[in-house]
Amino acid sequence: MIIGANLPNMPWQDRPEGCKDPVWRYSNNPIVKRDQIPSANSIFNSAVVAKDGAFVGVFRSDDKCMEQHLFLAKSENAIDWDIEPDPLPLYNEKDECVGVACGYDPRVCWIEDRYYVTWCTQFEGYHGATIGVAYSYDFKKFYRLQDAFLPYNRNGVLFPKKINGKFMMFSRPSDNGHTPFGDMYLSESPDMEHWGYHHHVMNPTGWSWTKVGAGPIPIEIDEGWLLIFHGVGTTCNGMIYSIGAAILDKEQPWKVKYRCKPYILHPTEIYECVGDVPNVCFPCATLCDAETGRIAIYYGAADTVVALAFAQVDELVQYIKDNAM
Amino acid sequence: MIIGANLPNMPWQDRPEGCKDPVWRYSNNPIVKRDQIPSANSIFNSAVVAKDGAFVGVFRSDDKCMEQHLFLAKSENAIDWDIEPDPLPLYNEKDECVGVACGYDPRVCWIEDRYYVTWCTQFEGYHGATIGVAYSYDFKKFYRLQDAFLPYNRNGVLFPKKINGKFMMFSRPSDNGHTPFGDMYLSESPDMEHWGYHHHVMNPTGWSWTKVGAGPIPIEIDEGWLLIFHGVGTTCNGMIYSIGAAILDKEQPWKVKYRCKPYILHPTEIYECVGDVPNVCFPCATLCDAETGRIAIYYGAADTVVALAFAQVDELVQYIKDNAM
Amino acid sequence: MIIGANLPNMPWQDRPEGCKDPVWRYSNNPIVKRDQIPSANSIFNSAVVAKDGAFVGVFRSDDKCMEQHLFLAKSENAIDWDIEPDPLPLYNEKDECVGVACGYDPRVCWIEDRYYVTWCTQFEGYHGATIGVAYSYDFKKFYRLQDAFLPYNRNGVLFPKKINGKFMMFSRPSDNGHTPFGDMYLSESPDMEHWGYHHHVMNPTGWSWTKVGAGPIPIEIDEGWLLIFHGVGTTCNGMIYSIGAAILDKEQPWKVKYRCKPYILHPTEIYECVGDVPNVCFPCATLCDAETGRIAIYYGAADTVVALAFAQVDELVQYIKDNAM
Amino acid sequence: MIIGANLPNMPWQDRPEGCKDPVWRYSNNPIVKRDQIPSANSIFNSAVVAKDGAFVGVFRSDDKCMEQHLFLAKSENAIDWDIEPDPLPLYNEKDECVGVACGYDPRVCWIEDRYYVTWCTQFEGYHGATIGVAYSYDFKKFYRLQDAFLPYNRNGVLFPKKINGKFMMFSRPSDNGHTPFGDMYLSESPDMEHWGYHHHVMNPTGWSWTKVGAGPIPIEIDEGWLLIFHGVGTTCNGMIYSIGAAILDKEQPWKVKYRCKPYILHPTEIYECVGDVPNVCFPCATLCDAETGRIAIYYGAADTVVALAFAQVDELVQYIKDNAM
Amino acid sequence: MIIGANLPNMPWQDRPEGCKDPVWRYSNNPIVKRDQIPSANSIFNSAVVAKDGAFVGVFRSDDKCMEQHLFLAKSENAIDWDIEPDPLPLYNEKDECVGVACGYDPRVCWIEDRYYVTWCTQFEGYHGATIGVAYSYDFKKFYRLQDAFLPYNRNGVLFPKKINGKFMMFSRPSDNGHTPFGDMYLSESPDMEHWGYHHHVMNPTGWSWTKVGAGPIPIEIDEGWLLIFHGVGTTCNGMIYSIGAAILDKEQPWKVKYRCKPYILHPTEIYECVGDVPNVCFPCATLCDAETGRIAIYYGAADTVVALAFAQVDELVQYIKDNAM
Amino acid sequence: MIIGANLPNMPWQDRPEGCKDPVWRYSNNPIVKRDQIPSANSIFNSAVVAKDGAFVGVFRSDDKCMEQHLFLAKSENAIDWDIEPDPLPLYNEKDECVGVACGYDPRVCWIEDRYYVTWCTQFEGYHGATIGVAYSYDFKKFYRLQDAFLPYNRNGVLFPKKINGKFMMFSRPSDNGHTPFGDMYLSESPDMEHWGYHHHVMNPTGWSWTKVGAGPIPIEIDEGWLLIFHGVGTTCNGMIYSIGAAILDKEQPWKVKYRCKPYILHPTEIYECVGDVPNVCFPCATLCDAETGRIAIYYGAADTVVALAFAQVDELVQYIKDNAM
C-alpha cells in the first residue's frame, strides 16, 4: 500500500494490548532529551531519513540563548541519536560557506538525486519568517538556495517527487507573531527557486480551529498521498498542537480526498503537556517500510524533546476514511 | 442543617489527618479518566444526582474532534461510572428526536416532578453560547425546551425548588470568546421558558477577579442557600479556575449573606494543573446527606478529568461565616 | 401599502432632482444641534412619535460630564424641537420616583393603550448595559418596568403590536466594551417582563460585517414588516455606522424575507463624518403617512446631532426587493 | 532625466506661488467624486496610463454593498474620467469569462507588448488577500494569470520592463486584518507566474513607522528608478497614510540609493482628512512627460475619492537627494 | 483673586453674546497654522510666557519626517508668533551643546530666578518617554538637567513656586504606547533633580474616563491653585481629548478641593475635530492678568495647530465650585 | 574574589557529577512548600540574609484570598524556615503602626547600619504597583519610608553600599498589567526618599526578549558587581521566566561590563514548570561566603514554592565572561 522502499530496520513496537487508537506512542519516550548536547536548552521538531542502511537527521535545537539552529545527527537504530555539537554550516553554489543554518522546524526530503532540507528561517535580511531551502548529495555538505517564499511563512514541506514536472511544496502563510490563524497551501516550482500556482489545501476547522500546517513529507500510497499534519486549537490558557491525517489526490495533491475528522495524536503525556510550550505534539518526519506498512512518526513534544509514535498504514488509512469529514 | 433527603450511600472519606481545610480531595482522584469511553478526548465538568438508591449523571465529554456533547451515565457508588458511549438524544414535546445534546458544562436539578438539565449550548442556529434546558421524568428520555436566555451566556444553574412561585436560574453573561469578565446573575421564570427580573448576585473580586459563575445546584440549609461556585483569576500565563462558597438569602437568593473571602479549593494536584487547560477546578454537582451533613463535590480538573472532594456542611458553613468578606 | 395611521403634517421634502437613491436627506440638516440645551455636549440617536396632532419625542443627550440621559421633547412640525432642560424622571407602579432615565439610544413605541420607551441602560446595580423599559399613558409620567434582558445587551426595539399574543422585542447581545461583533435577535414576552423564545434574525455580513442591530420601530406593510436598521463595518481607522433595510415575515418576524444588500444611507456629509464619533448614521425612529407612503427617518449623526432623511415606502420596498441578498 | 515617452497632453498645473514643497495639489481636487457612477459608495486608489493620444484607467470603486471591484475608464484629458458602470470582466487564456475583477488598489503597467493589471484580490478560493495579475493587448479584453504570491499580500507593483531578463514585482506581505506592520519586497519571475528571489527593499521607519508599500509603477530616470510609495504611521486615533519617495538602483532595484526622509505629501485637505477612512493619501499611478520632466501623481484620498498632484522630476529628485536618510 | 502679576497686554476677547460657557474660543482660531515654519508638518501643544513686556514661547513642531522638536518663539501680542526655524539647542552646565530639544508637549514655568522648560523626551538612551527638564535665565540659552522620572512618563508640569521648600511637579505615568490609562501624580524635589514623595492627585473618571493629566502651570488664586488639565475618553473610533478644571489645596496641592464635573472645553470646531489626530483639545499654557482676572488658554487642536480660548477667573472658579464632583 | 563577609554556615551542595552548568539545583528542592503556613496559597519569590550566625528572611506568601503579603522568617540553616503566621507590621517614624506589608517580591539589603526591605507595593492610595521601602535595625520592627518611584514600577533592588555618596536602586518600569515589555534602570538617591539620575542598564534581548529586571542584591566582586537577574521570553502559551547574570562596573554600575548571553537557570523541573504560573524561576536573594566563593541562590518556582541553587563565584564569573554578548 505504501509506494516506496522497504526499511526493515526502522524502529517499531507493536500496538499495546487493548489500545484501539490508530497511532500509539513508543514506550520509552522521549527518545531525545532536552539537554542531549551541551549547548541545548531543548531539542525537538526534528526530521530523520534513512540513508545507507542507517539513519541521518536534521535536528532543531534551541540553545541556552534561545537561538534556534539546525544540527546534523546520525543513528544506527533511529532511536538513539548522535547529534553534532555545532550547527550545520551552509554553502553557496560557489562552495563558499554562507553561515550556519539558523531557524527551526526542519524537514528533509529525498527527490531524484539529492536530499533537500526545508526549514523556517528568520532574522537574516528578511524581516520575518519564511522557508529556507538547501540540498545535499551526501548529507555532509549542504548548499543553500533562495528562500522559497515571501515572509511571513512557516512549515514548508516538499513532496518526494515532482508532479506534472514540477516540485511541490506545502506552506502555511503566517504573520510576524504567534499567528492565531493559518491555512495550508501548496505551491509549484519548475526549478526549486521560483514558485507559483499556489493552491489552497486545508483550512482550520474542528479540533484544529486556529491553524493547520503540513507535517512530515507526504507518504505515497496506492490511492494518493498520506499526509500527517499539525493542527492547533486555542483555549483560555493557550494553544494546543495535535496531530491529524488526510489523504490527498495523487495528481492534484491540493485536492483533499479524505480528511480525518478526529485528531490521531494529542498531548496527554507529561513530556507533551509540560515543557517550554505546554501541550504540543508537532510531527516533522516519518520512516516507513513499504513491505510491512509500518510507519514511525517523529514529533516534537512541548517544544522541548523528541518523541516517537507508530502506526500501521492500512489501519491508519482505514481510520481516516472511516472518520472522514 | 441541610434541608433535604438523606443519602447514606453517597461517597465519603473522612478528612485526612492534619488537614485543616474546609474541603479535602478524594484519595483516588481522578474518578473518571479522560479516555474512559472510546471516542473521548476528555471527560470533565459533569453533573450527578441520586436516583432510586443509585446514581445517575450527565457527563461532558469532548471527543477527539473536540466536539462537545452530553452523555448519560449511571453508577452504584457514585465513584465508578458507566458512561453511555453515544451522546444523549433530545426530544421535542411531540416526541420527535431533535438531535443529540451538543454543548458543555451540564447541571442536573430535580424540581417538583422531574429532572431538569441545563447546559451551555452553542452552534445551533444561535450565533453564540447560551443556556439549553431539557427535562426528563425518568432520566431516560429528555425533552428540550426553549433556550433560557439570549447569547452570550454560560453556567445556567437552577434552584431545586420554586421561590415565590417562580423558577430561579443563575447565569453568567459572557462574550463570544474566552470572556475576560463575568458576573453571576439570577433570573426568574413563571414557566421555565420566559425569564425576567434579572438580579445581580456576585461580581468578580479578590481571588476571582476575572469572572465568577455558579457551580452545583444550591444546597438548602437552615439559614439560606449554600452556593458553591467557580471563580477565575488571570496570571501572565492564563486563567486559574478555583472553587468558592457563599450563603444566600433563602427568600431573596440574589442577596449574598456571606461570601467566603478565601477559595475553598484551588488547583494544586497534577491532574488539576496539567491537561488540556491547566489549572482548572470547576465544580458542577454535589451529593449531600442531610442526616450527617456530608457533601461530595464533583468537579472537572484541567478540562480533562472528573475529580471528587468532600466537605462537612457545618464546618463549611462555619468557615464561610468566619471568613466572610 | 403602509398599514397604519395617516400623518399629513409629518415633515417632508421631495426627492432632489437627479437623485436616484431610495433615501434622501433633509436639506437643512442637522435638525437638532449639539448644544440646543444648555447642559448638552451632544444630542443624537433620538426617537419621535406623533401625538394629538403634534409630535413628542424622547431624546438622547450626553451632557458635558459625558453622562447620558433621556429627555422629553415636543414639536409642532417634528423638525423644530423643544427639548426639556432636565432628564426624564421615572416612577414605579407605586407612583414613587425612582430616579431619572440614565442611558442612551431610546426608542418609543405605541402598543395598544400606551407608549413604551426602551433604551440602553447601564451603571445601575447591573454591571453592564441592558434594555430598560418604561411606559406612559400620556407621555408625561413614565413608569419603569423590569429591564428586559440580562446584560450585555443594546438596541432593544419593540413591535407596535403583539404577535400571536406576545410582545416582541429585537435586541443585539453585546459585550462590556465597544463590541466588535453583534447579531440581531427577537424575543417574545407574555407580559413585557419575562422574555423567552429568542430567535436569531440577522447576522453581520457585507457592508455591516462587524455588527447589526434594529433601528426604528418596524413599519407594518402589506407584505410584512419594513425594518430599518443600523449596520457597522470596521476600517483601520474605526467603525462606520450605516443604515440598512429589510422586510420581515408578518407572523414570524424573525424570518427575513428580503434583506437589502446595499446600505440605504451612509455617512458622507460633514455632520455625519465629523463629531464625537466620526462616520455614524444611526436611525432610531420614523414617522409615516399611510396615505402617501411617506417615511421620515430620524437618525443620529456622528454621535453629535440629529438629522432627518426621507423615503417613499413603495420605492424603498421595491429597492429592497430589487437588491435583496 | 525621465527615460520614457513624451506625453505633452498630460494634466499639469504650475507650482502655486510661494509653495516650496516638492509636490503640489491640483487646484480642483478631487477629480473623481465618490458617487460618480450610480453603484458607487466611493471611487479611489486607481491607476491610469496614456494610450493612443488619450488616457485609460483601471479604477477601484467600492459599491454600496461595500464590495470592491475594478472598473475600466477612459479620458481625453486624464482629469475628467468616463468610468464604465459595470466591473471589468476577466478571461482565461481559452477566452472563457472567469468572472469580474473583484478586489482593490489596481496598478497598470505596460511591459513590452501589453498592459498588465495587478491588484489585491481576496475571497476567491484563497483565504486571504494576495496579488491578482491580468493582461490585455488592447485594454478591452483582460486575461487573468495565476495570482503572484501566497496570501497574505498586498500592493503588487510591476516594473515597466524586465531587468536581467526577469519581470520584477514589488509587494508588501501582510496579515489577515488591517496589518499593523509591513515591509516592501521585490520578487523576480521568468514568466509572470512563478516568482522567486525575494529581496527586501524598505522597512517601516520615521514617519512611516507602521508599514510601507510601493505606489505607482516606478519611473525610470538617468540614475535609477524613481519610486513613489505610501507609508503609514499610527496615532491613538488610527493610521495616517502619507506619500514618500526614493531612488532605487537601476540594475538591482532592491537597493535603495536615496530614501527621502520627509514625506512628500500628507493628508491635510478636507477631502483627504474626512471620508470613509480619514487621513489617507494613497498613490497608485503617475503620468510623466519625458521632455518637460512633469509628473502627475494620482492618489486616493480618505478611501473615498481620487485626487491629483504634480511634481517636476528634477526638483523631486533633488529634494530626495537633499533629504535622504 | 489671581495671585500674580498684571499683564494688561495679554490677548483678550470678551465673551460672545449669548454664550454661557465658562470658556470661549478666540474668534480667529487657529492662531498658529500647521505649516507656519517651512519644515513643519504641524505646530501644536505649545507653551507661552510673558517676558519684558512682550511674550516668548516654546513650541512643539513635528516636522515632515514626523520628528518632534521644541522651537523658541516670540511675539508682541501673544497671537502672532515668530517661530525660530531650527530646534532649540540645549547645553550642559559646562556650556557644551548637548543637542537640540527632541520631544513634545513643552511647558514653561518661571520659578524664583529662571525659566524652566519641561517636556516629554524620548529615544535618547532611555527606552521610553519621560520628563525632560531645562532652565534658562534669559530665554536664549537653555541648560539641560537630569530627566525627572523613570520612564514611562508624560505631562510633567511644574508649580510656579516652591511649596514647603520643595519644587513640585505633576506627571502622568504612562506605558510605551498610546496608554489607555493614566492618573495625575504630584512629586516633590529639594533640588529639581531628585524626586520623591509621590502623591496621587486625580484619577480618570466621568468624561475623562481613560486618562487625565496636568495642563498649564497652575494659577495661584486666593483659595488654592487653579488647575486646568486634559482628560481623555475613548469611543469606538478613538480617543477624545477635552479640557477640565479643578482647584487644589494651596499647601498640599495633591489635595483636590473642587474638581469640576463637566469639561470646560471639548473638540467641536473643525480645526479641533479634523487633523492628524481628530478630536483633540490639549492645553499647555495660560496667560493671566491679576488685575482683571483674565485668563488666556493656549491649547493644541487636533495635534495639528495652536488655538486660543479665554476665561474670567472669578466665573471659572465659581463654575468649578458650582459643578464640583 | 567576593568582597564581603565569610558565611561558612550557608547552605551548600557540591556540583553534581557530570554537570557542567554554572549553576545547579539543590537536590531536595523545593525548600519551602506552598502550604507551609496555614493561610498560604503559595510561598515564593522571597529574600534571605545572614544575621547573628543564623538567617532571617522576608517571604512572599499569597494567601487563599490571593492577597499578597510579606512575612518574616528565621532559620538556623537557611534551608528549613520558620515563617511567621501573620504578615509583617510596618511603623512610621513616630512608631505608629501603619498596617501590614502588602505586596510582593521582597528583597532585603543591609546598608551601613540597618536592613532595608524593598518590595512591590500596590493598592494603597496609589493606583498602580511601585517600590515600597522600609528599614529595620533589628529585623523586628520595620519603619516604612516613602515609596521610591512613581507607579508603575516593580523589582526595586538596592546596592549594599552607597556609591559616590548615594544610595543606588535598580527598578523595572512597568504598566498596569502583566507588562509585555521592561528594561532595567538604576536610580540614585541622597536620602533614600528622593530619587533621580535614572540610568538605563539593560534592555530585553535574546532569551529575555520580553522584559528583564534585577534579582538579588548585587554581589561585590573584585572587578565590579555580579548581578543575577530575571529575564522573560514569551511563547504562544505564555511567559517563561529564566535567570541570567552580568557583571557591572564598580563605580558606574549602570555600565554593563559583561552580560552573559545564555541564561544560567531555566524552568525544567516539575516544581518550576507546574504551579500557579508555569515556567517561572525568579531569583530574589543570594547568600555568599567570601572565603570559598560559594553562592546560594534563592528563587521562586512557578509562583508557588521557594527553591535553591548553587554556584561557585569564580566559575560563574568566568562563564559570564566566556559567554558575554
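The chains carry the letters A, B, C, D, E and F, assigned in the order they are written, with residues numbered from 1 in each.
Convention: a contact is a pair of C-beta atoms (placed from the backbone, for glycine too) under 8 Å apart; a residue touches a chain by one contact, two chains touch by 3 or more.
All values derive from a computational prediction rather than experimental measurement.
Enquirer: Could you tell me which chains make contact with chain A and chain F both?
Expert: Touching chain A as well as chain F, we find B.
Enquirer: In whole angstrom, how far does the Cα centroid of chain B sit from the Cα centroid of chain E?
Expert: Averaging C-alpha atoms per chain gives centres 56 Å apart.
Enquirer: From the mean C-alpha coordinate of chain A to that of chain B, what's the distance rounded to whole Å?
Expert: 42
Enquirer: Residue numbers in chain C touching 2 or more other chains?
Expert: 237-238, 274, 278-279
Enquirer: Is the chain-to-chain touch network here best called a line, a ring, a star, complete, or other?
Expert: It is other, because the touches fit no line, ring, star or complete pattern.
Enquirer: Judged by the touch rule stated earlier, which pairs of chains are there in contact?
Expert: Per the contact definition above, the touching pairs are A-B, A-D, A-F, B-C, B-F, C-D, C-E, D-E, E-F.
Enquirer: Enumerate the contact residues on chain F facing chain A in the complex.
Expert: Touch residues, chain F against chain A: 20, 206-207, 209, 233, 235-238, 240, 261-263, 266, 268, 270, 273-274, 278-279.
Enquirer: For chain C, which residues count as touching chain B in their complex?
Expert: Interface residues on chain C, with respect to chain B: 125-128, 130, 146-153, 171, 173, 175-176, 181, 183, 185, 187-191, 193-198, 200, 203.
Enquirer: Spell out the part of chain C that touches chain E in their complex, as residue ranges.
Expert: By the definition above, chain C touches chain E via 34, 38-39, 41, 63-67, 178, 237-239, 274-279, 303.
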